[in-house]
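Letters A, B and C mark the chains as written, and numbering starts fresh at 1 in each.
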(Lines give C-alpha, C1' and ligand atoms only; values in the text may rest on other atoms or scores of the structure.)
Protein backbone atom coordinates (compact mmCIF):
# COMPACT_ATOMS: atom_id res chain seq x y z
CA UNK A 1 0.00 0.00 0.00
CA UNK A 2 1.18 3.52 -0.86
CA UNK A 3 0.17 6.73 0.87
CA UNK A 4 0.61 10.40 0.02
CA UNK A 5 0.10 13.47 2.23
CA UNK A 6 -0.01 17.14 1.25
CA UNK A 7 -1.26 20.31 2.91
CA UNK A 8 -2.54 23.26 0.84
CA UNK A 9 -2.47 26.79 2.29
CA UNK A 10 -5.05 29.52 1.72
CA UNK A 11 -5.39 33.16 2.70
CA UNK A 12 -8.53 34.51 1.05
CA UNK A 13 -9.09 38.20 0.33
CA UNK A 14 -12.69 38.00 1.56
CA UNK A 15 -14.33 36.67 4.71
CA UNK A 16 -16.34 34.22 2.59
CA UNK A 17 -15.06 32.74 -0.63
CA UNK A 18 -15.12 29.59 -2.75
CA UNK A 19 -11.81 28.49 -4.31
CA UNK A 20 -11.64 25.79 -7.02
CA UNK A 21 -8.90 23.36 -5.91
CA UNK A 22 -9.56 20.57 -8.43
CA UNK A 23 -6.28 20.97 -10.32
CA UNK A 24 -4.27 21.00 -7.07
CA UNK A 25 -5.88 17.72 -6.02
CA UNK A 26 -5.26 16.25 -9.50
CA UNK A 27 -1.57 17.17 -9.19
CA UNK A 28 -1.39 15.46 -5.80
CA UNK A 29 -2.86 12.27 -7.31
CA UNK A 30 -0.19 12.44 -10.05
CA UNK A 31 2.61 12.95 -7.52
CA UNK A 32 1.33 10.08 -5.34
CA UNK A 33 1.81 7.53 -8.13
CA UNK A 34 -1.36 5.81 -6.84
CA UNK A 35 -3.48 4.18 -9.56
CA UNK A 36 -6.32 2.65 -7.51
CA UNK A 37 -7.36 4.04 -4.13
CA UNK A 38 -9.19 6.69 -2.14
CA UNK A 39 -8.40 10.40 -1.90
CA UNK A 40 -9.53 12.33 1.19
CA UNK A 41 -9.63 16.13 0.95
CA UNK A 42 -10.64 17.97 4.14
CA UNK A 43 -10.60 21.42 5.66
CA UNK A 44 -8.24 21.47 8.66
CA UNK A 45 -10.12 24.40 10.21
CA UNK A 46 -13.61 24.28 11.68
CA UNK A 47 -14.96 27.38 9.92
CA UNK A 48 -14.10 26.13 6.42
CA UNK A 49 -15.37 23.41 4.08
CA UNK A 50 -14.32 21.18 1.25
CA UNK A 51 -17.18 20.24 -1.07
CA UNK A 52 -17.93 19.08 -4.60
CA UNK A 53 -20.31 20.94 -6.86
CA UNK A 54 -20.56 22.90 -10.10
CA UNK A 55 -18.00 25.53 -11.18
CA UNK A 56 -20.67 28.14 -11.97
CA UNK A 57 -20.60 31.64 -10.48
CA UNK A 58 -24.39 32.09 -10.35
CA UNK A 59 -24.72 28.91 -8.33
CA UNK A 60 -21.94 30.04 -6.01
CA UNK A 61 -23.83 33.26 -5.29
CA UNK A 62 -26.96 31.16 -4.67
CA UNK A 63 -25.05 29.06 -2.14
CA UNK A 64 -23.71 32.16 -0.34
CA UNK A 65 -27.17 33.76 -0.13
CA UNK A 66 -28.74 30.53 1.08
CA UNK A 67 -26.05 30.06 3.74
CA UNK A 68 -26.55 33.64 4.94
CA UNK A 69 -30.28 33.01 5.27
CA UNK A 70 -29.83 29.79 7.26
CA UNK A 71 -26.93 31.01 9.42
CA UNK A 72 -26.73 34.81 9.29
CA UNK A 73 -23.62 36.68 10.39
CA UNK A 74 -24.03 38.67 13.61
CA UNK A 75 -22.03 39.32 16.76
CA UNK A 76 -25.11 39.12 18.97
CA UNK A 77 -26.68 36.10 17.27
CA UNK A 78 -24.54 33.28 18.72
CA UNK A 79 -23.42 32.28 22.20
CA UNK A 80 -20.09 31.31 20.63
CA UNK A 81 -19.49 34.98 19.79
CA UNK A 82 -17.83 35.97 23.06
CA UNK A 83 -14.73 37.77 21.85
CA UNK A 84 -15.36 36.18 18.42
CA UNK A 85 -17.74 36.85 15.57
CA UNK A 86 -17.64 33.55 13.69
CA UNK A 87 -20.55 31.59 15.16
CA UNK A 88 -22.19 31.69 11.75
CA UNK A 89 -19.02 30.36 10.07
CA UNK A 90 -19.08 27.14 12.12
CA UNK A 91 -22.67 26.49 11.03
CA UNK A 92 -22.06 27.42 7.38
CA UNK A 93 -19.15 24.99 7.26
CA UNK A 94 -21.40 22.28 8.72
CA UNK A 95 -23.97 22.82 5.94
CA UNK A 96 -21.35 22.61 3.18
CA UNK A 97 -19.36 19.77 4.79
CA UNK A 98 -15.83 19.26 6.15
CA UNK A 99 -14.52 16.76 3.62
CA UNK A 100 -14.92 14.78 0.44
CA UNK A 101 -13.65 11.30 -0.39
CA UNK A 102 -13.00 10.75 -4.09
CA UNK A 103 -12.14 7.46 -5.80
CA UNK A 104 -8.86 7.20 -7.70
CA UNK A 105 -9.17 4.93 -10.77
CA UNK A 106 -6.47 4.43 -13.42
CA UNK A 107 -4.40 7.14 -11.70
CA UNK A 108 -7.10 9.82 -11.95
CA UNK A 109 -9.88 11.31 -9.82
CA UNK A 110 -12.90 9.23 -10.82
CA UNK A 111 -15.37 12.05 -11.46
CA UNK A 112 -18.76 12.51 -13.07
CA UNK A 113 -19.11 15.12 -15.85
CA UNK A 114 -19.43 18.28 -13.71
CA UNK A 115 -17.74 17.43 -10.41
CA UNK A 116 -15.22 20.01 -9.18
CA UNK A 117 -13.66 20.29 -5.71
CA UNK A 118 -13.95 23.58 -3.83
CA UNK A 119 -12.46 25.05 -0.69
CA UNK A 120 -15.21 26.95 1.11
CA UNK A 121 -13.96 29.74 3.37
CA UNK A 122 -16.40 31.26 5.90
CA UNK A 123 -13.97 33.13 8.18
CA UNK A 124 -11.07 34.11 5.98
CA UNK A 125 -8.42 36.77 5.61
CA UNK A 126 -6.02 34.53 7.53
CA UNK A 127 -3.80 31.55 6.73
CA UNK A 128 -5.68 28.25 6.79
CA UNK A 129 -5.08 24.75 5.51
CA UNK A 130 -6.61 21.86 3.54
CA UNK A 131 -5.31 18.29 3.83
CA UNK A 132 -5.00 15.81 0.96
CA UNK A 133 -4.43 12.17 1.94
CA UNK A 134 -4.36 9.47 -0.71
CA UNK A 135 -4.00 5.74 -0.02
CA UNK A 136 -3.96 2.88 -2.48
CA UNK A 137 -1.67 1.13 -4.91
CA UNK B 1 -4.35 -4.36 -1.41
CA UNK B 2 -7.40 -5.10 -3.56
CA UNK B 3 -9.69 -2.56 -5.19
CA UNK B 4 -13.07 -2.83 -6.90
CA UNK B 5 -14.90 -0.24 -9.04
CA UNK B 6 -18.49 -0.26 -10.28
CA UNK B 7 -20.85 2.37 -11.66
CA UNK B 8 -24.62 2.10 -11.19
CA UNK B 9 -26.99 3.81 -13.64
CA UNK B 10 -30.31 5.45 -12.77
CA UNK B 11 -33.09 7.08 -14.75
CA UNK B 12 -35.86 7.97 -12.31
CA UNK B 13 -39.50 8.42 -13.36
CA UNK B 14 -39.83 11.55 -11.17
CA UNK B 15 -37.80 14.74 -10.80
CA UNK B 16 -37.20 13.88 -7.12
CA UNK B 17 -36.96 10.33 -5.85
CA UNK B 18 -35.18 8.16 -3.28
CA UNK B 19 -33.98 4.73 -4.46
CA UNK B 20 -32.78 2.06 -2.01
CA UNK B 21 -29.44 0.80 -3.37
CA UNK B 22 -28.33 -1.26 -0.36
CA UNK B 23 -28.54 -4.65 -2.08
CA UNK B 24 -26.60 -3.37 -5.10
CA UNK B 25 -23.79 -2.18 -2.82
CA UNK B 26 -23.86 -5.50 -0.94
CA UNK B 27 -23.45 -7.36 -4.24
CA UNK B 28 -20.47 -5.15 -5.14
CA UNK B 29 -18.83 -6.01 -1.80
CA UNK B 30 -19.38 -9.73 -2.57
CA UNK B 31 -17.92 -9.40 -6.06
CA UNK B 32 -14.89 -7.46 -4.75
CA UNK B 33 -13.78 -10.36 -2.56
CA UNK B 34 -12.66 -7.76 0.01
CA UNK B 35 -13.06 -8.86 3.64
CA UNK B 36 -11.67 -5.81 5.51
CA UNK B 37 -11.72 -2.33 4.02
CA UNK B 38 -13.65 0.81 3.15
CA UNK B 39 -16.49 1.20 0.66
CA UNK B 40 -17.13 4.62 -0.89
CA UNK B 41 -20.52 5.20 -2.55
CA UNK B 42 -21.00 8.60 -4.19
CA UNK B 43 -23.29 10.39 -6.60
CA UNK B 44 -21.36 11.26 -9.77
CA UNK B 45 -23.73 14.15 -10.54
CA UNK B 46 -24.00 17.39 -8.60
CA UNK B 47 -27.79 17.43 -8.28
CA UNK B 48 -27.99 13.98 -6.66
CA UNK B 49 -27.04 12.45 -3.30
CA UNK B 50 -26.05 9.21 -1.66
CA UNK B 51 -27.06 9.00 1.99
CA UNK B 52 -27.79 6.52 4.76
CA UNK B 53 -31.04 6.57 6.70
CA UNK B 54 -34.19 4.60 7.44
CA UNK B 55 -36.17 2.68 4.78
CA UNK B 56 -39.51 4.18 5.86
CA UNK B 57 -41.85 5.93 3.42
CA UNK B 58 -43.28 8.44 5.94
CA UNK B 59 -39.76 9.61 6.76
CA UNK B 60 -38.92 9.90 3.06
CA UNK B 61 -41.94 12.18 2.57
CA UNK B 62 -40.76 14.20 5.61
CA UNK B 63 -37.32 14.61 4.02
CA UNK B 64 -38.80 15.74 0.68
CA UNK B 65 -41.09 18.30 2.37
CA UNK B 66 -38.25 19.60 4.52
CA UNK B 67 -35.93 19.93 1.52
CA UNK B 68 -38.62 21.81 -0.42
CA UNK B 69 -39.02 24.23 2.50
CA UNK B 70 -35.28 24.89 2.79
CA UNK B 71 -34.55 25.01 -0.96
CA UNK B 72 -37.81 25.51 -2.89
CA UNK B 73 -38.04 24.79 -6.60
CA UNK B 74 -38.48 27.87 -8.79
CA UNK B 75 -37.09 29.19 -12.08
CA UNK B 76 -36.85 32.75 -10.74
CA UNK B 77 -35.46 31.85 -7.29
CA UNK B 78 -31.81 31.14 -8.19
CA UNK B 79 -29.12 32.95 -10.16
CA UNK B 80 -28.02 29.53 -11.42
CA UNK B 81 -31.34 29.21 -13.25
CA UNK B 82 -30.33 30.92 -16.48
CA UNK B 83 -31.48 28.40 -19.06
CA UNK B 84 -31.77 25.85 -16.24
CA UNK B 85 -34.25 25.23 -13.45
CA UNK B 86 -32.23 23.10 -11.05
CA UNK B 87 -30.73 25.65 -8.64
CA UNK B 88 -32.78 24.05 -5.86
CA UNK B 89 -31.45 20.58 -6.80
CA UNK B 90 -27.82 21.60 -6.15
CA UNK B 91 -28.77 22.82 -2.67
CA UNK B 92 -30.97 19.82 -1.86
CA UNK B 93 -28.10 17.51 -2.78
CA UNK B 94 -25.80 19.49 -0.48
CA UNK B 95 -28.20 19.03 2.44
CA UNK B 96 -28.46 15.26 1.92
CA UNK B 97 -24.77 14.76 1.07
CA UNK B 98 -22.74 13.55 -1.93
CA UNK B 99 -21.31 10.35 -0.51
CA UNK B 100 -21.10 7.76 2.25
CA UNK B 101 -18.11 5.72 3.37
CA UNK B 102 -19.05 2.38 4.91
CA UNK B 103 -16.72 -0.06 6.67
CA UNK B 104 -16.37 -3.58 5.26
CA UNK B 105 -15.85 -6.16 8.04
CA UNK B 106 -15.78 -9.94 7.52
CA UNK B 107 -16.76 -9.40 3.89
CA UNK B 108 -19.95 -7.47 4.69
CA UNK B 109 -21.09 -3.85 5.03
CA UNK B 110 -20.61 -3.14 8.74
CA UNK B 111 -24.02 -1.61 9.49
CA UNK B 112 -26.07 -0.69 12.53
CA UNK B 113 -29.59 -2.15 12.85
CA UNK B 114 -31.46 0.27 10.54
CA UNK B 115 -28.84 1.63 8.15
CA UNK B 116 -29.79 1.52 4.45
CA UNK B 117 -28.09 3.29 1.53
CA UNK B 118 -30.19 5.52 -0.73
CA UNK B 119 -29.66 7.29 -4.01
CA UNK B 120 -31.31 10.71 -3.74
CA UNK B 121 -32.34 12.20 -7.08
CA UNK B 122 -33.26 15.91 -7.21
CA UNK B 123 -33.18 16.54 -10.98
CA UNK B 124 -34.15 13.25 -12.54
CA UNK B 125 -35.81 11.83 -15.63
CA UNK B 126 -32.39 11.45 -17.22
CA UNK B 127 -29.53 8.91 -17.04
CA UNK B 128 -27.23 9.52 -14.06
CA UNK B 129 -24.61 7.50 -12.21
CA UNK B 130 -23.43 6.40 -8.77
CA UNK B 131 -19.88 5.17 -8.15
CA UNK B 132 -18.91 2.32 -5.82
CA UNK B 133 -15.21 2.05 -4.95
CA UNK B 134 -14.00 -0.54 -2.44
CA UNK B 135 -10.42 -0.89 -1.23
CA UNK B 136 -9.01 -3.33 1.30
CA UNK B 137 -7.90 -6.93 1.58
CA UNK C 1 -2.47 -3.58 4.61
CA UNK C 2 -3.65 -3.54 8.21
CA UNK C 3 -7.17 -2.93 9.44
CA UNK C 4 -8.66 -2.24 12.86
CA UNK C 5 -12.31 -2.30 13.96
CA UNK C 6 -13.86 -1.06 17.21
CA UNK C 7 -17.38 -0.21 18.32
CA UNK C 8 -18.02 2.42 21.01
CA UNK C 9 -21.23 2.30 23.06
CA UNK C 10 -23.21 5.30 24.32
CA UNK C 11 -26.25 5.76 26.52
CA UNK C 12 -26.75 9.49 26.99
CA UNK C 13 -28.63 10.99 29.95
CA UNK C 14 -30.46 13.45 27.66
CA UNK C 15 -32.44 13.08 24.44
CA UNK C 16 -29.95 15.39 22.68
CA UNK C 17 -26.30 15.58 23.63
CA UNK C 18 -22.83 16.08 22.15
CA UNK C 19 -20.05 13.80 23.46
CA UNK C 20 -16.37 14.47 22.73
CA UNK C 21 -14.92 11.14 21.53
CA UNK C 22 -11.54 12.41 20.28
CA UNK C 23 -9.46 10.59 22.90
CA UNK C 24 -11.30 7.31 22.25
CA UNK C 25 -10.53 7.57 18.54
CA UNK C 26 -6.90 8.45 19.31
CA UNK C 27 -6.63 5.31 21.46
CA UNK C 28 -8.04 3.21 18.61
CA UNK C 29 -5.38 4.62 16.25
CA UNK C 30 -2.70 3.68 18.82
CA UNK C 31 -4.08 0.17 19.21
CA UNK C 32 -4.29 -0.32 15.43
CA UNK C 33 -0.55 0.15 14.98
CA UNK C 34 -1.34 1.92 11.71
CA UNK C 35 1.04 4.77 10.81
CA UNK C 36 -0.36 5.92 7.43
CA UNK C 37 -3.99 5.45 6.47
CA UNK C 38 -7.60 6.53 6.78
CA UNK C 39 -9.82 6.41 9.87
CA UNK C 40 -13.61 6.23 9.42
CA UNK C 41 -15.78 7.13 12.42
CA UNK C 42 -19.54 6.79 11.90
CA UNK C 43 -22.76 6.66 13.86
CA UNK C 44 -24.33 3.18 13.50
CA UNK C 45 -27.81 4.58 14.22
CA UNK C 46 -29.82 6.83 11.94
CA UNK C 47 -30.80 9.40 14.57
CA UNK C 48 -27.21 10.14 15.61
CA UNK C 49 -24.18 11.86 14.08
CA UNK C 50 -20.42 11.92 14.14
CA UNK C 51 -18.96 15.31 13.27
CA UNK C 52 -15.85 17.46 13.71
CA UNK C 53 -15.99 20.93 15.18
CA UNK C 54 -14.89 23.06 18.11
CA UNK C 55 -14.96 21.88 21.75
CA UNK C 56 -16.74 25.03 22.99
CA UNK C 57 -19.95 24.89 25.02
CA UNK C 58 -21.41 28.15 23.66
CA UNK C 59 -21.06 26.87 20.13
CA UNK C 60 -22.66 23.56 21.10
CA UNK C 61 -25.69 25.44 22.44
CA UNK C 62 -25.77 27.44 19.17
CA UNK C 63 -25.82 24.18 17.19
CA UNK C 64 -28.64 22.74 19.31
CA UNK C 65 -30.77 25.89 18.97
CA UNK C 66 -30.13 26.06 15.23
CA UNK C 67 -31.06 22.39 14.76
CA UNK C 68 -34.27 22.89 16.75
CA UNK C 69 -35.20 25.81 14.50
CA UNK C 70 -34.57 23.87 11.28
CA UNK C 71 -36.07 20.56 12.46
CA UNK C 72 -38.23 21.15 15.51
CA UNK C 73 -39.30 18.30 17.79
CA UNK C 74 -43.00 17.46 17.63
CA UNK C 75 -45.15 14.33 17.52
CA UNK C 76 -47.56 15.88 14.99
CA UNK C 77 -44.89 17.49 12.80
CA UNK C 78 -43.63 14.44 10.87
CA UNK C 79 -45.28 11.61 8.94
CA UNK C 80 -42.58 9.34 10.37
CA UNK C 81 -44.04 9.89 13.84
CA UNK C 82 -46.58 7.08 13.78
CA UNK C 83 -45.88 5.34 17.08
CA UNK C 84 -42.57 7.25 17.19
CA UNK C 85 -41.55 10.80 18.02
CA UNK C 86 -38.11 11.01 16.42
CA UNK C 87 -38.82 12.43 12.94
CA UNK C 88 -36.85 15.52 13.93
CA UNK C 89 -33.89 13.36 15.05
CA UNK C 90 -33.45 11.83 11.57
CA UNK C 91 -33.28 15.32 10.04
CA UNK C 92 -30.98 16.72 12.75
CA UNK C 93 -28.59 13.85 12.17
CA UNK C 94 -28.63 14.57 8.43
CA UNK C 95 -27.66 18.22 9.05
CA UNK C 96 -24.73 17.28 11.32
CA UNK C 97 -23.62 14.26 9.23
CA UNK C 98 -23.30 10.50 9.72
CA UNK C 99 -19.54 10.14 9.55
CA UNK C 100 -16.09 11.64 9.35
CA UNK C 101 -13.00 10.33 7.60
CA UNK C 102 -9.73 11.46 9.19
CA UNK C 103 -6.23 10.95 7.83
CA UNK C 104 -3.72 9.02 9.94
CA UNK C 105 -0.16 10.36 9.50
CA UNK C 106 2.86 9.24 11.51
CA UNK C 107 0.57 7.13 13.70
CA UNK C 108 -1.67 10.05 14.72
CA UNK C 109 -4.94 11.67 13.66
CA UNK C 110 -3.82 14.36 11.22
CA UNK C 111 -5.76 17.30 12.65
CA UNK C 112 -5.84 21.07 12.29
CA UNK C 113 -5.49 23.20 15.44
CA UNK C 114 -9.07 22.99 16.74
CA UNK C 115 -10.52 19.81 15.26
CA UNK C 116 -12.27 17.52 17.76
CA UNK C 117 -14.55 14.55 17.00
CA UNK C 118 -18.04 14.50 18.54
CA UNK C 119 -20.82 11.97 18.84
CA UNK C 120 -24.11 13.83 18.28
CA UNK C 121 -27.11 12.16 19.88
CA UNK C 122 -30.61 13.29 18.84
CA UNK C 123 -32.74 10.45 20.24
CA UNK C 124 -30.87 9.25 23.28
CA UNK C 125 -31.47 7.63 26.66
CA UNK C 126 -30.83 4.25 25.03
CA UNK C 127 -27.78 2.16 24.08
CA UNK C 128 -26.37 3.14 20.70
CA UNK C 129 -23.09 2.60 18.86
CA UNK C 130 -20.32 4.34 16.92
CA UNK C 131 -18.00 2.43 14.59
CA UNK C 132 -14.28 3.10 14.16
CA UNK C 133 -12.60 1.47 11.15
CA UNK C 134 -8.97 2.19 10.34
CA UNK C 135 -7.11 0.87 7.30
CA UNK C 136 -3.52 1.53 6.27
CA UNK C 137 -0.01 0.42 7.07
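Some points to look at:
Keep in mind that, in the parts below, a residue touches a chain if its C-beta (ideal position, glycine included) is under 8 Å from a C-beta of that chain, and two chains touch if they have at least 3 such contacts.
The shown structure was predicted, so the numbers you read here are calculated from the model rather than taken from an experiment.
Chain contact topology: the protein chains form a complete graph, every chain touching every other one. Two copies of one chain, chain B and chain C, touch each other, and the residues they use overlap weakly: the shared fraction of interface numbers falls below half.
Chain B and chain C have Cα centroids lying 20 Å from one another.
Chain contacts: chain B has residues 1, 38, 70, 95, 97, 101, 135 touching two or more partner chains. On the chain B side of its complex with chain C, the touching residues are 1, 36-38, 51-54, 56, 58-59, 61-63, 66, 70, 95-97, 100-103, 105, 110-115, 135-137. The residues of chain C lying in touch with chain B in their complex are 1, 3, 5, 38, 40, 42-46, 70-71, 78-82, 87, 90-91, 93-95, 97-99, 101, 129, 131, 133, 135.
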